Amino acid sequence: MEVIRQKATDSEEFRSKQLRARDMLRGDLDDKDLDEFVQERVLTTTLEKASDWARGNSFFPLTFGLACCAIEMMTVAASRLDIARFGYEAFRASPRQADLLVLSGRISIKMAPVIRRIYDQMLEPKYVIAMGACSSSMGVFNNYAIVPADKFMPVDVHVPGCPPRPEALMHGILELRSMVHGDPTLGWRERYEAEGTEEIYPLAPADATGVNVFGAGGTEGTNA
Amino acid sequence: MPDAATLERLVGALKASDSESVIDTVESPGRVAIEVKPDSIVGSLEVMRKAGYEFLASVHGVDYYPNEPRLGVDYELLSREACDRVALTLRVSTEDPHLPSVTPAWPCANNQEREAYDMFGLIFDGHPDLRRILMPEDYEGHPQRRDFPIGGEPVLFTHNEHNVPRWFE
Amino acid sequence: MLSTYAPALIFIAIGATIGIVFGLLNKFLGPPPRANSHKADPYESGMPSEIKQGFRFGISFYMIAILFLLFDIEVLFLYPIAVELRAFGTFALLETITFIVLLFVGFGYVWRRGALTWK
Amino acid sequence: MSTVDPAARELSAYRKMEESVTISETTEFEGDRELLTLNLGPHHPATHGVLRLLVTLDGEVIRRLQPIFGYLHTGIEKTAEQKSYWKAIPVVERMDYVSYYFNAMAYCGAVEALLEVEIPKRAQYLRVIHLELNRIMSHLVFLGTSALDLGAISVWWYCFRERETLLDLFEMSSGQRMHTRYFQIGGVIEDIPEGWIEQVRKFCAIMPERADTYGDLLNKNEIFLQRQRDVCPLPAEKLRELGVTGPLLRAAGDPWDLRKAMPYSSYEDFDFKIPVGTKGDNYDRFQVRLAEVKESIKIIVQALDNLPDGPTITEDRKIALPPRHELATSMEALIHHFKLVTEGMRVPAGEAYYAIEGARGELGCFVRSDGSSKPARVHMRDPSLVNMQAAPAATEGWLIADMLATVAMFDPIIGGVDR
């Protein structure tokens, strides 16, 4: 959205702007000043940016509580930290009417197909937030029963924490909003153009001498 | 934790009803567990009920992995007048994990026996609806046995990073 | 004769066009729908559902629906009276009262017959 | 993410059963009325978590209710066997995620019973205060969400406002809002900061009249009364036979409360009453929990009044970490610290079953140790798993709306059920 707000350089100019706005409200501005006043404020944007702007500011989250993070998700919509200030308090129960799926809790292997089906049944501009460590990366329970969300569905924002504070989830949703508006907050690598500096062996040499603290490193956890 | 006298009385009552049912009593701080033969568990629980222990708090499986017979089942009993707890245990081997179900006499053990079946593979004969309760019904293996791998994913270190190339995407 | 009905017709035309336009707007504005197999499945709280279109439901649902429809339409008749009650004079008021009393007689009958209790 | 076309892959018996929701192939008939089997499935606004209710309906009347669990099974008991004793506390706390202090208390109690360690009086009082605060918070979450199910959303706003003040207290005393890991084996991690007692007193001053406002909001609400009074009652004998404990049993008139019957962690020092219902219907279940909030406040105030001084964790260095400043001076403290932090404490072989009065019933923890530094078996007897066995008995023959209100009153926490 090309919204160019000129910073008020000094207080007089700010004061004159206030007076002009007051005259405009009183209807004393004549046509030339009025045209210039309006000219300054007209938003010029593309249709797609406008619909993104509307979509980003009006997520309809799905009431989808799995485990402990669900209680913190309820707290986000409750009185102290109110998500209604951003317009997201319309929690819809059916996936047909919701466009934001917050995976609040740990995803067990019995629940994964159900979540995938609900995600498929949601309508098209849909976004997913993996709230908490358990849905992002199996968190505390690295065992047979838990599946991280990335394994079976695309996730847009991962909110760390176990359970994350309501402010953290709020920040995650606002991150998603800025992504939907088209200017995602850049990771530190993009911001400082530091791609390619990851210290990764492209392919570990056969005689990797790294000491294997973890044992054979196979699928079964061998620190039993 | 029943004192020595009541324990003697209980074991005597159990022996009276079924002579060789009691195998031994396991004492640990704050708890007494009377081990009985697997197929005399329903009778023993009835004896305990008459002796005042009429609330069956918990039925759960235990895996005594190194020593045989491997699988055990615990019945935690509570007497409300005497405000006292005692436990009946039994041991079953993995080759023949069959034992009589107590659900017909104690309906409170229904879900818990299904969970013991699901987690340890203990087959309760006579249980009205013995299906898996926690794992998906087509899941092979009983997860809480000691030899079942914990699963999950290995933690990524520099030495095993190449298994998951470009994980940072 | 047409001119007398002109406002109503224009009103219907505008209503229809707005309805259709909003119905189709999503085809152009919304993102292209990704066809995947499960989207059209009926939603049954996450489980695969077997409810086909023509599944039959109990008579009580139908009874309650029809009764609601009956008593709801009567309110429709009260609107024009309420708008111009002063112009129609007290005769219209008496007529409306008898109309409502008749309604209550019907409601009493339905209540006594037990059509409202859920079987 | 290649979504394989379901028809192509070979379906196992369970998937076939899952794909077609009606277990019996033909639709059932009861006399001339056709029954419909429906899923109030894992994702449903009124099931308080991922509880799946397979319901067989005759119109709106329920003929058969079958709760299906397992959609939140996290393998906590298996994970606890991989961790050393004091590392298992955070894992155990995440089972019943609304009353997390109770899980930690049951687990620590069982391990302390095995170790036969003596808990200092101050630690016992601090534990009782935190347990009762957590009971109030658990009843507030129950009250808010079940009133939400019956349409009274304003009660939900108020309850969560109180819950926020409670979480501030937990954060002040332990640094974290939920799953605080404040209970350590042998006592509490550290003493409460200054000003905490005043904050709790301020909370205890306003909470009783807040509880009355919730009562006034709902007791005179005709819709709430008609949907709760004489709905799905269960007599006490039936509940006892099904193993139900806690507020559900007390609502049916049976005053069994472990805090009074078999007091633990110095509950015998406080005098408080046990709220008991008469008919055992939904209205009694709601009232019993509301009255329990007031009783818990009485306990907290008494515990604060005569909170003894002294250590907040056992002096036995084999179990409790030595204080930091001692590490600089004494060698044994360093050795104890190093041993505890690396391998953890060794618990003598044995089995222990320690039961406490959780917010939903008897919460018992069975710990078996084989002498090593990792528990050989941790099992949590969760009240919700056993209480939910009474749900089919309570709701058969009632309408769907009553069933949803009853499941809300049973207050199952699926994290505790599925472990």
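In order of appearance the chains are A, B, C and D, and numbering begins at 1 in each one.
One rule holds in what follows: contacts are C-beta pairs under 8 Å (C-beta built on N, C-alpha and C of every residue); 3 or more make two chains touch, one makes a residue touch a chain.
Quantities reported herein were computed from a predicted structural model and do not represent experimental measurements.
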Which neighbours do chain A and chain B have in common?
D
B-D or A-C, whichever has more C-beta pairs in contact
B-D
Average the C-alpha coordinates of each chain, average all protein C-alpha coordinates together, and give the chain whose average is closest to the overall one.
D
Could you state the distance in Å from the CA-based centre of chain B to that of chain D?
22
Distance between chain centroids, defined by C-alpha means - chain A, chain C (Å):
40
Computed distance of Cα centres, chain C from chain B, in Å:
59
In angstrom, rounded to a whole number, how far apart do the mean CA points of chain A and chain D lie?
32
What positions in chain D touch 2 or more of the other chains?
3, 18, 41-44, 70, 73, 75, 78-79, 82, 418
Counting only residues that touch at least 2 other chains, which ones in chain C make the list?
36-38, 46-48
Give me the residue numbers in chain A that touch at least two other chains, ranges are fine.
110, 114, 116, 118, 120, 141-146, 221, 224
Under the stated touch criterion, can you name all the chain pairs that qualify?
A-B, A-C, A-D, B-D, C-D
Residues of chain D touching chain A in the complex
1, 3, 18, 41-45, 49-50, 70-76, 78-79, 82, 90-91, 94, 97-98, 141, 145, 156-158, 160-161, 163-164, 177-179, 414-415, 418
Chain D - residues contacting chain C, complex
3, 5-6, 18-22, 33-34, 36, 38-44, 52, 58-61, 399
Note: in the complex, chain A contacts chain D through residues 63-68, 70-72, 74-75, 78-80, 93, 105-106, 108, 110-111, 113-114, 116, 118, 120, 134, 140-146, 152-154, 162-163, 165, 221, 223-224
Chain C touches which residues of chain A in the complex?
47, 51, 94-96, 114-118, 120-121, 124-125
Touching chain D in the complex, chain B uses residues 26, 28-31, 33, 55-58, 60, 62-64, 74, 76, 78, 80, 83, 85, 87, 106-112, 115, 119, 132-138, 143-144, 146, 148, 150
